[in-house]
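Chain IDs A, B, C and D follow the sequence of writing; residue 1 opens each chain.
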Amino acid sequence: MYTLLQPDFRIKRDEERCIRCGVCVRQCAFDVHSVDTDDGSIRSDESKCVACQRCETLCPTRALTLEENYHVANENYNWTGGVLKNIWKQAETGGVLLTGMGNPRPYRIYWDHLVLNASQVTNPSIDPLREPMELRTYLGSKPDSVEVVKENGSLKLKTKLAPQLRLDAPFLFSAMSLGAIGYNVQEAMARAATEMGIYWNTGEGGLHKDLYKYGKNTIVQVASGRFGVYKDYLDAAAAVEIKIGQGAKPGIGGHLPGEKVGDLVSMTRMIPAGTDALSPAPHHDIYSIEDLSQLIYSLKEATEYTKPVSVKIAAVHNVAAIASGIVRAGADIVAIDGIRGGTGAAPTMIRDNVGIPIELAIAAVDQRLRDEGIRNRASILAAGGFRSSADIIKAIALGADAVYLGTAALVAMGCHVCQKCYTGKCNWGIATQDPYLERRLNPDIAAERLSNLIHAWSHEIMEMLGGMGINAIESLRGNRLHLRGVGLSKTELDILGVRHAGAS
Amino acid sequence: MKRIYAIESVCMNCQLCAVFCATGHSRSKDIIKAHNREKVLPRLFVEEKRPVSFAVQCRHCDEPFCVQSCITGALTKSLEGPVVYAEEKCVGCWTCVAACPYGAIRRDVDRKKIAKCDLCAELTEPACVANCPNQALVYEERGS
Amino acid sequence: MEGRWNRRYDWQYDRIPSGCGLAAIISEAGRSFGGEEIIQSICVLHDRSNGLGGGFAGYGIYPEKRDLFAFHVMFESIEAKELVDAYFDRNFYVEESGHIPTRKIKEITNAPLLWRYFVKPLDDSLQDCELCEEDFVTRSVFHINGEIPGAYVFSSGKNMGAFKAVGYPEDVGRFYRLDEYEGYSWIGHGRFPTNTPGWWGGAHPFTLLDWSLVHNGEISSYGINKRYLEMFGYRCELQTDTEVAAYLFDLLLRRHGLSIEVACKALASPFWSDIDRMPEEERELFKAIRMVYGPALLNGPFAIVLGFTGGLIGINDRVKLRPLVAARKDDRLYLASEEAAIREISPDLDVVWAPKAGEPVIGRVRTGEPEVVGAEETVA
Amino acid sequence: MTKYAIIGNSVAAVGAIEAIRSVDAEGSITVVANEPYHVYSRPLISEYLAGETTVERMAYRPADFYEKNGVEAILGVAAAGIDFDKKSIALEDGQSVEYDKLLLATGGKPFVPPIVGLDHQDIFTFTGLADAMKLDEAIDRVKDFVVIGGGLIGLKCAESLHKRGVKVTVVELADRVMAAVLDVDAGRIVEKSLARKGIDVVTGDTVEEILGEGGSITGVRLKSEKELPCQAVVIAIGVAPNVELVKDSPVKVGRGILVDDMMGTSVPDVYAAGDVAEGRDVLMGVTRILPIWPNAYMQGRAAGMAMTGSPRGFAGGLSMNSIELFGTPLINVGITDPRDESFEILTRSEGDHLYRKVVLRDGRLVGAIVVGEIDRAGILTGLIRDGVDVSDFKEELLRSDFGHIDLPADVRERRLFAL
């Protein structure tokens, strides 16, 4: 069918600068660039361009610039270009609109309406370059109190604590499955997590044998497809996470098309090569909270109560009550993924319209668990679009124990957020199983970039903590007095449990 | 001695190694001039057969066939290790091209000279290695 | 809740930054001495306060009524007192009720009605809510302070009492006639709030049951300490650092039954780098303390003196950002912000030292009664 | 302290000197040579003749080579005889040189067949600098040359003469030029490239008589009775090993001096290398003379190592030539034109400018001809030299861009990064 769609982008090639080295040609998996065999010049077909910026970035003479196509449609406030293009696309294909990454819609980002406190005069700020500054965090269920006895003149702990995950900084890499992303990406996360004393999460695609050696820093996921779940998988991990939902697509399952199920994915997921990997929307053995409890305890039994069990849900309207139920069902960790959480593939309408912002979810869940006196019984992990150390420290002040970094980790490794993960043609070698593309993600480099990011953000958090006169992260956790709202309504402030800036 | 090694598993066939090699061996050292005016040849070959690719440079052999074959003495094995090429002595007989088991010597046909990797002797790290965006080339001492 | 007397400064009283002076004396032999000594000591620290708050606590001051809870209450109005009287009548046996003795001095003005009750919970009341005496008293304090407009309980322990006002501490001491009391342990405090006219209830010490706490510093972790306490049913009405510190001690020592040493390690915990170097058993203990009591960690600069029946604790934050000096002479343990405050009353000391960051100094009556709160024996 | 003596001063001698000095800094080295020149690059005599280089630029090693390597060079003095018992070389000027270890690197001498009329003037050979100088000097008075021999030397000589603007005709006995190293197809390509430049090539014929008057040449008469007018003749049929010094000595001689893989002759402490030596051919499994430059260096080097007592051995000779005639580059390696059924032959050609042939035996590459796109042909040489099994990817060998990438990953890794 003749397409009514205009290209989204324009590619400008500065012929003075172009040295016809062909980097752009070889690097574009969407075949945008090609050599004109008549004169050796290079031409570009922008209709295929997804603006991943691979060519722009690698062009050694910076001969390429990408511009948004200025006038793709006669937009107005209601009928935006995006809306029109979606309709044309669907009129041409009859299909559900697919997309990748996180929600791009302009829902309020509360992080940008929350400001942090700092000490002045009456309270010295602490310089993390001179004084200890502690970010260490333990995730897991804590008792209300500890019992200590004195035996033979020395103190002894009588209370047996539930298993905990030790984090040297309050970050984890989000669940991203082998299949959604390439092996190298997982290896990079595993190595960075190991180096930085944090954790990565397998997602629901199993754990490749070669990554078992990073098990101590690995959280393995048990999702509705149960891919790759077996004894060794559970044994290899530091913790097990039951995935109920995902912020980018609450209420729906996953679908890895058969063409991405090559030998590696097939082996790891334990499904035949070439078959579609379908994760059902619900777990078919969890139709209620008591079913969840059974699975939690099955997994605890299977791992002999040596590993914390996490339950991950999407932040939806009654997230606080659900989280409370999950804690009471026996989870050691509740992971909440907000509406800006990313994905390898999701129906656009769902990604863009279902769920609630993570800020509100953290605040609601933390308060609810406190109201019920069970906040200590589970750690709260927050996920969904964390962009900076400032977002993270604010999340912690709202009540999160630590945060999952998905998109930020991918961006650190090179992702340019073109949202075409679902095509499997990721030019950055991230969301692909194509061996020609996959090798672009050098795990050595990617691991270093991740470690650098974690290092940088840790340090920024230390600086901000020190500024507040705090030298241990637990003194900020849930300490909403260090936050003030700017430009928020009373309702929003009430839900966030934060005062407006100006109120002392 | 330190040699250049390609790491095939992460070579992504961008061939920027060749671009920066040529630039580094140009008179101007300007990437655009080097290619659009001077037309400098890279001192390496990128082999490619999707999905695999890698760069091949002179291996600076311990017993270099090229040196032993060179009819003019333009190629010599230095005590420090590198196989040194004196361009002014080369007459373009291509015997070294026939002899090099790595296929690492390029013919500069117009000038009747060969071009081969000199490890960017004046730099701390060869240009191809320094500019590889994916660290698919390393410059290091291994074993021998 | 609006317009409530004790909520009037709700926002302002949230963590008023303040510099302060504090002093404490205990006779570990349990010998009683007059209140003038602590006044004399804190007087030296005059410049550490600004006249906007001073206060004391004395232990062993009501020996005849040692089995009764001594409630010190300030009232804004007669109506408030009537409501409190009615509350006591419903829930307590009130053995004695009357003015707290004061003397009129020009330095102390605008005094609220200051009243003292010696009471005991009614058995029926205890049975109704299935609480022990202490929890019932705690709940009553929270009820009066939170629900009865114009009333504020500032002391609720047995055989002890807190005395506080807006003014310099030495004036507050004279106002309350402390020279007429005798006790084995005394705590004094002078306050330097920087942003608001003082309110009588806002002066130190803060008390609950027989805990009394004076504090120099600013607790940056206040927000989470408060929310943590709320999870255990505490209501931090005054929103001050000092109040949460007092309640935290109550929670850890009385309700969780931790020893003073362990409680202090929770409130001013060692650094992970130190814990990592400990022998395994100790390491696991401290790890557990930090994991479980992370929200109770008092983070930020402070020097705190906590008084309780039969004892005294002085402690600094874990990096020692505020001054605290300790000294001994014979059976006496002295604590003060500055050594001068101690030398003033005991020039010839046996030993003087600056306690290390996070290391508690504990003074304890060694002989006979009264019963010590908290678990097993600990030494300074 | 070992006394090393080397007779001959070309590439094999240099190979030996460099090898000896890599191990033994102390021993004395004496080089004796009848040629008076500093070591020069013999193959460059065609460039010299073409006027493309100078004697100075032909130096194979820098001027201070002997000095730097502590070599006593007795140049322009021929060795007259060797007393193998006394280990002494007698020189033609009456001196003598004592040795502990001796290398015979006397090279080859032009082979001159029995032709009638060899007594005329302006009959040249083309193996040394002196030959090139004589030809250079003759060019001014000669308009037409006949070059006898269409091998490597003959063709290079013909090309140089042509560049100097004289008319050249090449006469070759075989049915094609470079018959020793090329097959018919490749030979034809070369012939065509010569023809395009105006060099006549006569194949399947030979000169029987040089015609002339009063000492001056007027032409040649071929076996076919055809006569070619010319004023000069270059005899460039090939070289024969220069074995005169060891005639009637205990040193065993076949076609050349017979050597083992350490370049040792039948006489202890006496070694031979280069065009004079008859050593093992890596592919043929027989001994033969391989009069090519790289071979001479490698043999010299192997001999030098053996003379110091730390033998490395010689991997065996490998026929390998690279030649470019009028812009058509050509490489041959190993066995290029076998007649035996046991060989498998694959070829690919494109017009007159591209030709590629690979010869396999038992799945292994044993020979190749590459005409035109020769850039990576050395990879084939390497595969031949190392006897790599290529049967799985033999078709790929014909691609001009054949490379390591066509090898199995493990083989590739080993071959590329063994160092």
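By definition in this document, contacts are C-beta pairs under 8 Å (C-beta built on N, C-alpha and C of every residue); 3 or more make two chains touch, one makes a residue touch a chain.
The model shown is predicted, which means the values in this text are computed figures rather than measured ones.
Student: If you check the contacts of subunit A and subunit D, which chains show up for both?
Tutor: Chains in contact with subunit A as well as subunit D: B.
Student: State which chain is most central when centres are taken as means of Cα atoms.
Tutor: Taking the mean of all protein C-alpha atoms as reference, the closest chain is A.
Student: Looking only at C-beta pairs in contact, point me to the busier pair out of A-B and A-C.
Tutor: Higher C-beta contact count between the two pairs: A-C.
Student: At what distance in angstrom does the C-alpha mean of subunit B lie from that of subunit A?
Tutor: 43
Student: Just the number, please: Cα centre separation of subunit A and subunit C in whole Å.
Tutor: Distance between chain centres: 46 Å.
Student: What whole-number Å value describes the gap between the mean CA coordinates of subunit B and subunit D?
Tutor: 28
Student: Centroid of subunit B to centroid of subunit C, CA atoms only: how many Å?
Tutor: 79
Student: Quick check: what residues of subunit A touch more than one other chain, meaning two or more?
Tutor: As it turns out, subunit A has no residue touching two or more other chains.
Student: Which subunit D residues reach two or more other chains?
Tutor: Within subunit D, no residue contacts more than one other chain.
Student: Please set out, as single numbers or ranges, the residues of subunit C touching at least two other chains.
Tutor: In subunit C, nothing touches at least two other chains.
Student: Can you name every pair of chains that touch?
Tutor: Applying the touch rule to all chain pairs gives A-B, A-C, B-D.
Student: Using the touch rule from the top, collect the residues of subunit A that touch subunit C in their complex.
Tutor: Result: residues 119, 121-124, 126, 131-132, 134, 136, 138, 142-148, 150, 154-157, 159, 161, 164, 370, 373, 375-376, 397, 468-472, 474-482, 499, 503-504 of subunit A touch subunit C.
Student: So in the complex, which bits of subunit C are touching subunit A?
Tutor: My answer: residues 11-12, 14-15, 17-19, 194-195, 217-218, 220-224, 227-228, 230-232, 255-259, 261-262, 269, 271-273, 281-282, 284-285, 287-295, 297, 299-301, 318-319, 321, 375-376.
Student: With touch defined as at the start, can you tell me which subunit A residues reach subunit B in the complex?
Tutor: 16-17, 19-23, 26-27, 58, 60-61, 429, 434-436, 439-440, 442, 444-445
Student: Going by the contact rule at the top, pick out the subunit B residues touching subunit A in the complex.
Tutor: Going by the criterion above, the answer is residues 9-16, 18-20, 31-32, 34-36, 50-51, 131, 133-136.
Student: Enumerate the contact residues on subunit D facing subunit B in the complex.
Tutor: Within the complex, subunit D touches subunit B at residues 15, 41-44, 47, 52-53, 57-62, 293-294, 297-298, 301, 320-324, 329, 331, 333, 374-379, 381-383, 385-386, 401, 403-406, 409, 412-413, 415-417, 419.
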